[in-house]
Amino acid sequence: MRRIENFRSIIDKYKVVFFDAFGVIKNYSGLVPGIEKTFAYLESEKKEYYIVTNDASRSPVQLAESYHKMGLPAITQDRIVSSGMLTKEYLDLKVQDGIVAYLGTLDSAHYIERSGLHTLPMSEVNESNFDKVSALIFLDDEGFNWCDDLNKAVNLMRKKTIPAIVANTDRAYPLSATNVSIAIGGIAAMVESVVGKQFIRFGKPDSQMFMFAYDLIREYRQISKSEIVMVGDTLNTDILGGNKFGLDTVLVLTGNTLEKDVETRITASGIMPTYICESAVVDLSGLDF
Amino acid sequence: MRRIENFRSIIDKYKVVFFDAFGVIKNYSGLVPGIEKTFAYLESEKKEYYIVTNDASRSPVQLAESYHKMGLPAITQDRIVSSGMLTKEYLDLKVQDGIVAYLGTLDSAHYIERSGLHTLPMSEVNESNFDKVSALIFLDDEGFNWCDDLNKAVNLMRKKTIPAIVANTDRAYPLSATNVSIAIGGIAAMVESVVGKQFIRFGKPDSQMFMFAYDLIREYRQISKSEIVMVGDTLNTDILGGNKFGLDTVLVLTGNTLEKDVETRITASGIMPTYICESAVVDLSGLDF
Amino acid sequence: MRRIENFRSIIDKYKVVFFDAFGVIKNYSGLVPGIEKTFAYLESEKKEYYIVTNDASRSPVQLAESYHKMGLPAITQDRIVSSGMLTKEYLDLKVQDGIVAYLGTLDSAHYIERSGLHTLPMSEVNESNFDKVSALIFLDDEGFNWCDDLNKAVNLMRKKTIPAIVANTDRAYPLSATNVSIAIGGIAAMVESVVGKQFIRFGKPDSQMFMFAYDLIREYRQISKSEIVMVGDTLNTDILGGNKFGLDTVLVLTGNTLEKDVETRITASGIMPTYICESAVVDLSGLDF
Amino acid sequence: MRRIENFRSIIDKYKVVFFDAFGVIKNYSGLVPGIEKTFAYLESEKKEYYIVTNDASRSPVQLAESYHKMGLPAITQDRIVSSGMLTKEYLDLKVQDGIVAYLGTLDSAHYIERSGLHTLPMSEVNESNFDKVSALIFLDDEGFNWCDDLNKAVNLMRKKTIPAIVANTDRAYPLSATNVSIAIGGIAAMVESVVGKQFIRFGKPDSQMFMFAYDLIREYRQISKSEIVMVGDTLNTDILGGNKFGLDTVLVLTGNTLEKDVETRITASGIMPTYICESAVVDLSGLDF
């Protein structure tokens, strides 16, 4: 575990960089100041990069658009690996037909639809379609009435033996400098504990997130895990998951982990990044750029 | 563990009977048919009895009234020990002044008020009174907006080091023959896991419920634990808690535990009642009554 | 939560003081220096006191003797409330006859024996006595072969539906200034998770420990919970349990919680003592004593 | 979820078959009777197969040899994917040098050694080599003194911020028709809970096991997840993990899940195999073979 002053020296050591989104590239008020320099440097050095994010609220296309609006055109749809994409893969492989009941927004649901598989908000599940429901998906904390629809979800899962998929494991997300919101991962854990059945979860720290990104790269080139570095702001998702998958890891201090807590948290959790760096912003000074 | 045909023979062995409420005396559609005979027999035999119930939705006075309306005048206010009463005792002993923020109905909150201690629904906590909030209480799953007020509760507990009290540990309760509702205990567990602080819980199987009832009796007479029997329909609250407190226990099959599951559940959980009885209804036939 | 300089001023406010043992009165190398002054003051002021300790390794008589040997004759057998005593009460009330298999030392087992109830080390359970085993008790981490006897305990609990009692909930205890030992509570939790049945636990923070001490006092005098203070070194046992039972609590910094960590730990856990005091040692200077 | 009479019809639908070892191919007394016919059929049909097993007690070479001795020469070293192999990959990628302290047998440790990385049984860790210890590995429940070495492991992990790797997540394994043994996964969970740090686990149901096997195949051919079926006897490892990875799954009833419990367990856990089949034995009758 080493302190690194300039994030550039980390990029220089690896062929591919995985970035967490929230707390690394952006936060509640927009882009992390200066982060566009990092992507300029990556492009200039022809290094590959991917955004590996616990997010099932929107499609990769929509996620990419939101970066463009913030002023980061470098992040295109094909650079994004989201827990929503793993959920879609699961449905494509494992749920042949029927209705997928969901908790989330319309945007989150549209992405997982496909021919032969309809999505239906939990609020519209009723006696006439109950028999056709073949899976329940937890997509987003918005877009539904918590009290009504969570109680409906509990009773659906008690009565039917169907898979329940949690498309984002996070229990909370930051809303502002001082406030957080309960995330769909926290809500799903409550429903799971009331129902007493085992739900399927997608998202860091689970290896399947990293494998999905790793596979994307290997479709067109050879790469070893030792040539990839994972950059994140959260010890128990980004760093733990990256370490377990066999990647080197960088903890940055622009999000969940603050400078004043970093030593205490690493010692308390036993989760060690390969490097600690103040931010993922590249200092371009002294470069002919 | 013995099968008992007639609940009367159990009453005959003990001086005091503790009853769980839901699944033993009443269910979602009213009184358990015939249960009034049990209380008639208890009165005729001059046996003491108490209702020991995980309920913080109303005061003991209101709980007693609801039995009277259902046709069971025998259950008076002084016969009821609720987890709401333990919450009130905790506040009286440990929270001197300030505002108690709560999640629940007006009825549930009125009961815990006292001079010097105001209650305020979570929805009304704001910048002007934030500093005065000295405790947070989870009382009932009704009476508030889940999404808005649970997010407010999470942020209150993140920012202030104050006690959070869960006045009912149950994670779900039956709503009809086929449906359940998420209970305030399940909701509070979600908030606790997001906040990461330790909440204080009142309710069976915790011993403090049984101790409260035991103390009520001892205020005016001597009694040994071996002279009390606990009657319940749920292994992991009524029976586990009664056993641990040192009481003999009766599992009845009119609520959460069904005849067809009883052997499997006892073996799987390792929680053994002293007796199993079809119901808590006394068969008065053959009695001069 | 207030900082108190002199522990004496706390004693002066209450009629009864409950002390945790390890980290408050003694540590791995003997008595906490100066603690005898506290007991001298308590005696001079005719204040009652009790030692409320998670310990099932020896009888109260033997525990008292060990204090006498260390130079603290004030702590007599009747001043001690141990989790071993709750275990004995449970067996007296709930296990009529048969053999109680145990994991622990001979000393720990002798205490729970009584007429009609034999104890047998797990290592001596075999085909000839298997049918008569009516309970399993986890008493102490010493006195048995972990590998052989824990595997035997797992299979005993899988095959028989009998109660398993954990006589001390602690997961670890300090062995020296730098080392800890796994305690019987940690070992029992492993067996419980492998077996999948629910064990019965005695020890702080559970209320039953405090109730046992409270009942001892009430046998000969009236006392309110507001007249008792609990003194401990551990937030999640002594302080959490004392608070929940309705007692005022003092956190001392001579054991598990160090001065440098105290603010962080209180904020992180949300467990607040009524007072924080450097130690439970009374400063007698300025007193006519 | 469909009942299948002849396992052959399942093989016929897929290009690759993953088998769990214990409870599917072998049990405590040797091979599952008739299982050699399955491998004869697989060979005759030129179908690929892999053994995907939670086992870190021996190297793949030694695991293969044990099948040969039992009379199953078809299972060669390159057909085996074990959680021990994932542990070795982790060490190769993430632990550059120093000493790896281990709990397990000599056999289990030899396999993970490599140039630059020494292994040392926990019992031999002492003051002279303490500084050089760079990881702790839980390999096997045999080969060490549980009491002494687990206490040493607890104190090692409390004092050093190094990774702890659990090379087999299983909490127990069958020893005979009636008895189980505590497995290293159960032991490691106890150490983890006492230490309070986050350990790294390898083994089903975690996706990384399935990915490792999937990658082995893709080194020399193209394959889709929909062309692979996972066969196992345990719902919460083989079936849950296979499902989540996107594979079709077969639950066989020759191991942990018995015919009489299968419906109850699927309903209770919510974990659904694609097929249920009495065993993985192929009925060759009616085949020109």
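By letter and in written order, the chains are A, B, C and D; residue numbering begins at 1 in each of them.
The working rule: contacts are C-beta pairs under 8 Å (C-beta built on N, C-alpha and C of every residue); 3 or more make two chains touch, one makes a residue touch a chain.
Model, not experiment: these values are computed from the prediction.
Student: Count of steps on the shortest touching-chain route from chain A to chain C?
Tutor: Step count on the best path from chain A to chain C: 2.
Student: From the C-alpha centre of chain B to that of chain C, how far is it in Å?
Tutor: Distance between chain centres: 28 Å.
Student: Provide the C-alpha centroid distance between chain B and chain D, rounded to the nearest whole angstrom.
Tutor: 45
Student: Could you put a whole-Å number on the gap between the CA centroids of chain A and chain B?
Tutor: 41
Student: Should the pattern of chain-chain touching be classed as line, ring, star, complete or other?
Tutor: ring
Student: Could you list each pair of chains that touch, in label order?
Tutor: Here the touching chain pairs work out to A-B, A-D, B-C, C-D.
Student: In their shared complex, at which residues does chain B touch chain C?
Tutor: 1, 89-90, 93-94, 157, 161-164, 195-200, 206-208, 211, 225-226, 236, 240, 243-247, 266-272
Student: Give every residue of chain C touching chain D within the complex, in rising order.
Tutor: Within the complex, chain C touches chain D at residues 141, 145-147, 150-151, 154-155, 158-159, 171-172, 178-182, 186-187, 189-191, 193-194.
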